[in-house]
Amino acid sequence: MEEDVLILRKCQSAFEKESEEVSMIKAGIIGATGYAGAELVRILLGHREAEIKWYGSRSYIDEKYAKVYGNMFQLVEDACLDDNIEALAKQVDVIFTATPQGFLAGVLTEEILSSAKVIDLSADYRIKDVRTYEKWYQIEHKSPQFIEEAVYGLCEVNREKVKQARLVANPGCYTTCSILTAYPLVKERLIEPNTLIVDAKSGTSGAGRGAKLPNLFCEVNENMKAYGVTTHRHTPEIEEQLSYAAGETVTINFTPHLVPMNRGILATEYASLKKIRQEDGSYAYPNYEQVKAAYDKYYEEEYFVRVLDKGVYPETKWVEGSNFVDIGFQMDARTGRIVMMGAIDNLVKGAAGQAVQNMNLLFGLPENEGLQLVPMFP
Amino acid sequence: MEEDVLILRKCQSAFEKESEEVSMIKAGIIGATGYAGAELVRILLGHREAEIKWYGSRSYIDEKYAKVYGNMFQLVEDACLDDNIEALAKQVDVIFTATPQGFLAGVLTEEILSSAKVIDLSADYRIKDVRTYEKWYQIEHKSPQFIEEAVYGLCEVNREKVKQARLVANPGCYTTCSILTAYPLVKERLIEPNTLIVDAKSGTSGAGRGAKLPNLFCEVNENMKAYGVTTHRHTPEIEEQLSYAAGETVTINFTPHLVPMNRGILATEYASLKKIRQEDGSYAYPNYEQVKAAYDKYYEEEYFVRVLDKGVYPETKWVEGSNFVDIGFQMDARTGRIVMMGAIDNLVKGAAGQAVQNMNLLFGLPENEGLQLVPMFP
Amino acid sequence: MEEDVLILRKCQSAFEKESEEVSMIKAGIIGATGYAGAELVRILLGHREAEIKWYGSRSYIDEKYAKVYGNMFQLVEDACLDDNIEALAKQVDVIFTATPQGFLAGVLTEEILSSAKVIDLSADYRIKDVRTYEKWYQIEHKSPQFIEEAVYGLCEVNREKVKQARLVANPGCYTTCSILTAYPLVKERLIEPNTLIVDAKSGTSGAGRGAKLPNLFCEVNENMKAYGVTTHRHTPEIEEQLSYAAGETVTINFTPHLVPMNRGILATEYASLKKIRQEDGSYAYPNYEQVKAAYDKYYEEEYFVRVLDKGVYPETKWVEGSNFVDIGFQMDARTGRIVMMGAIDNLVKGAAGQAVQNMNLLFGLPENEGLQLVPMFP
Amino acid sequence: MEEDVLILRKCQSAFEKESEEVSMIKAGIIGATGYAGAELVRILLGHREAEIKWYGSRSYIDEKYAKVYGNMFQLVEDACLDDNIEALAKQVDVIFTATPQGFLAGVLTEEILSSAKVIDLSADYRIKDVRTYEKWYQIEHKSPQFIEEAVYGLCEVNREKVKQARLVANPGCYTTCSILTAYPLVKERLIEPNTLIVDAKSGTSGAGRGAKLPNLFCEVNENMKAYGVTTHRHTPEIEEQLSYAAGETVTINFTPHLVPMNRGILATEYASLKKIRQEDGSYAYPNYEQVKAAYDKYYEEEYFVRVLDKGVYPETKWVEGSNFVDIGFQMDARTGRIVMMGAIDNLVKGAAGQAVQNMNLLFGLPENEGLQLVPMFP
């Protein structure tokens, strides 16, 4: 019994939650035992206005969550529950679905959306054109009627829409990094959008916690490879968002690579510069200051986007564990191209952190509540 | 100018500091650009009652701290200052010295100690017998007059003494892990202390940020080795503390190993069990429950020590980024020995985290203020 | 067709095999697609007197071997065959079984042994006492009648017996390293064998290529843990062999650890020194030279054992890719113990390399034929 | 003395050298203690027609080589010598210089070239236009008179010229991989050469063994970054060679990245396809078969180039420790581009292996002598 008391004390103090629990946001997670789900747990434990009421996990029902993630020993006492989203919706204010593609589309109903906000970490509602979704994902979309309503939860771009949403489509990890790195230059027409090539590198947690041979330590360690070349599912998602920014259809090359590290995405992006009208009326390629000004126009006020100093390029380790996006760029007069580089932690800004950022927007909280995570180095 | 405003906003909100700064603990760090110093910065940025006023670094004077640690971009705007501890002592409430052996001993004065609390992360005041210090460290101790006063800052063991101290000798990384893993069994006389063998494994950040060939990526990666066999300087520190616990002189074997990972220490400890008087008056080796009871006696109320469930052994990843010590053990009836295992993050509980824990004790704050760090996995 | 010609050329030249293939040793591998099996393939491709005739793999029947191991593209053109050992025995001179525990015991017959030599990389015939085997492995031994005949294939210890064998029990990876590191001192009675504690650390390839969650990159990387504490199956194997050396029953502690690297085992071994009769008739602990002399007595003529210089400790990287065992040691006068350290590549000397060494002995070849592998660094 | 005998035996058998040493190629290495130099040692130890006579290392003069590289214990008994290339030239048949940029240019003389073949692993003679060299390397070229004579030692392209050379400029690691991956398509005019973008990723051994902070384990591990963006010195080298192939001046983007692994380069290359005349007289983009035919035209007979099967992309681990170049590609009809991928081991085909390949050409040996290295996996 004494032990129970202790554990309780540990957990309470670990979360530093308010005593009047009535005022807190009740959150449920479906898919809490995947890496993105576990990161949601880590972040929400430190969030002063939210508490987790449901650790959903089809594979580990009734097992203690801390048995699945040993780091949570004495921090989470709950056992895993099933993925009954209808039951869940009645008990919580917000539902996070960190589930395989197609799950949420298969179960979502108007009733659920009337009961709780839904933040979906899968791709089910990210793409407006259902045929594009079905083509790239090779699955039938079971509830296309909600696609129109869903808001693409890239907060820096869609902040105001997110605030009003019931259903948020949380962006993919590669896409978050790829889009934000190029967005201001596409929007300001400083680059030719159809020359854009995104060469992205990701840590292995992006592949999930499934026990698959290619993700074994000995297969990944001391190794590097490209995969899904020209066919990766994040491609149409990047293209759709950049098309909105460009005001025209954008088609790009996107190549993901697997890197022997746990966390982090680095996107190296290439595009041809576009001549712009200069003060003297002539047309010329934008210079460093003009490009920098475009980045500043969109990101200076953004807490989570850090445009690095001239000549500094992002490193994934500099954002590890945090919700930051670090962006650097380099002009190349020889080729008339610009090289843009962006880095995020794929589990934070690329998944759970951005989901919490969206939750904060949905509930009128400061956008960085629970997300003032200082990057860990080394 | 607008940028200044923004940066300020970012930094303020990053720290969430109170507005009345007068009430906050002013902290200075000497050696802020080593890995332990940088971890102090990371932790103190999230501490609601302390603020850093001095980033001391002999090597980077006048350089912006965020240039030395890119992860701190827009989070720390200060430039590095020198290591003038006398000047520093007049401006702050507490000084952390994350400096090479001998530095603090060479500059510490009564005047400094009268002005500010000092928490020393080096070994200068850890060992009470100055000859032992000088023999193992091969340097002359320049201020032995402060050794007696210094309190060995292993909070779980010396909590009350720390609260009264002016000078805290923050324990070594290996020692923290090695001592806490065996302490209750030594104290309760369940093991023969002189049979203790500590086989410890450490991530590479323990070797510091000095540019030395053996610490290069290609030398450490895909490699493992022992070093300092029978001669490592943490040996006498472990022995001294365990001798206090045992009430007799303890001599042990301690072998450190370098592991290809950034953070984490795992100590695997072996000792022969000691027959104890059982309820029926006979003498027999303690059983699992009796050993568990000894651990619980000392650690059940400890926030930062997690004694794992039966059959569960600690993993360094489960404590990464946090101030936890995870402990597991296994009885071996075949050999009459017990195998104890302890894991910490060497930069947190093994250095900066424990230093902040000591600071909290010194200033009457909740011991886990700023240290409710949820371990990051993966 | 041209392509076929090319491929053939590449393969032939890759192996540099003799033209009169009749004289070559024909080898079959059952379990060729596990890591140990793949390492057998790598080594045998460079062996001038052997050729692989059968790539057995239950999981990949009819698939091209080079599809399973991309590194073998254009080097191995064969497809995988099944594990029909009876059929195989008729076609080859030697069979390597790199199979799960119990497989060989379940299928071995006198007929097979009459047709081909068998080198078993599993544990089925390593332990002479079948009850010990069944207790530690928790499986029934299906052909105990062959245990007596089987020779424990630790070449440095059992060389002459191996030469005469039909069935060789190739030692385990941990055991090879653990035994060879302590063997001369046990044999020469310089240490108390029952004080021996083996703390071993292994790269992850030792866990095999099975798709299991604990072996995923993100679970292993940046992590370290002990496992199988007091219960690991290599324990009785080490004990049996050291008992032969000691002339008495030896009971030890053996603790394996998982290290975030692909290859390599480091065994750190502790034992109390034994007083020996000195030249003047007194009894005293052996000194460095006496211990060194014991190592030299057994290993000076051994090609694959490298006893390092005084004060040098082995590193796993120094033997990577090779069949070497590197051994170092350090006396500790303070505790009366010695710390011995041994390092091997678990897939070479700990599995495939030693198997080929055994094959060389069986067929009267130079023991290091095909095994003159220079360790790769970095 | 007995020990000497043993060591000799070990070394001799390790190398399996012919007894009549007179017929062997005598090789000297200047810069033998860098990573590329050490890899030369590893490879030459297994070469049946060459022996190393001079281990030059300015930093370790008179130290035993095996003290600098523990993996060479008992395999190399020599001590390091200085970098007196004039003295060396009189004693050997071939000199490898694995030295910093500018070293060889500063000491090379006609006399040296008359005495011994020189294979330079630095960049001193790779670039024909001395001004380009001086601009990108920021050093004055001290012996431009030898540039014209030097042969760029990319064997697959310049084989016949290499055979006649006295001075071979061994290509850079990035360049070898980048050029060979695109060469057939540039040569056959299937791509627009000026649209070529090379995004390259390298293991850390490419940064050398210098003790520099950015190469520390904790800085590289769990991290990824680009560096030298638009300014890396391998850019003009790639451009020059591709310009020869294209028959016009080629300007490209090249971006190197640092990856947390020891060995391996992966180059991901993007280019716009060029419409070619089809059989019916129309112009259209080449299809898969036409691109494949171009690769086969140049590489089908090449021992060291492996063009992978359709849909298979190279992984650096598949070539580790070997001299292979693995190439895969993917057409993208959506963008009209092709994505080419090439992988090498930067220390083998990217440095020492290619140097030995050049040596074999220079001395009329089979091109793969000593280079039939089977890639090591895992």
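Order of writing sets the chain letters: A, B, C and D. Residues in each chain are counted from 1.
As a convention for this text, a residue touches a chain if its C-beta (ideal position, glycine included) is under 8 Å from a C-beta of that chain, and two chains touch if they have at least 3 such contacts.
Everything numeric in this text was worked out from a predicted model, so none of it was measured.
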Q | Shortest contact path, chain B to chain D, counted in steps | A | 1
**Q.** Chain pair with the higher count of C-beta pairs in contact (A-C, B-C)
**A.** B-C
Q | Distance from chain D to chain C - Cα centre to Cα centre, in angstrom | A | 35
Q: Just give me the whole-number Å value for how far the CA centre of chain B lies from that of chain C.
A: 40
Q) What whole-Å value do you get for the distance between chain A and chain C if each is reduced to the mean of its CA atoms? A) 46
Q. Which residue numbers or ranges of chain D touch two or more of the other chains?
A. 35, 205, 218-219, 221-222, 260-263, 315, 317, 320, 378
Q: Report the residues of chain A in contact with chain C in the complex, numbered from low to high.
A: 35, 204-205, 209, 211-213, 215-222, 260-262
Q) Can you name the residues of chain B that touch chain C in the complex? A) 194, 197, 199, 201, 203, 218-219, 221-227, 229-230, 251-253, 255, 257, 259-264, 266, 268, 270, 313-317, 320, 330-332, 334-335, 337, 339, 341, 378
Q | chain B residues within the chain A interface of the complex | A | 2-3, 6, 9-10, 13-16, 35, 38, 42, 45-46, 69-75, 205, 222, 262-263, 296, 300-301, 303, 306, 308, 312, 315, 317-322, 326, 366, 368, 372, 374-378
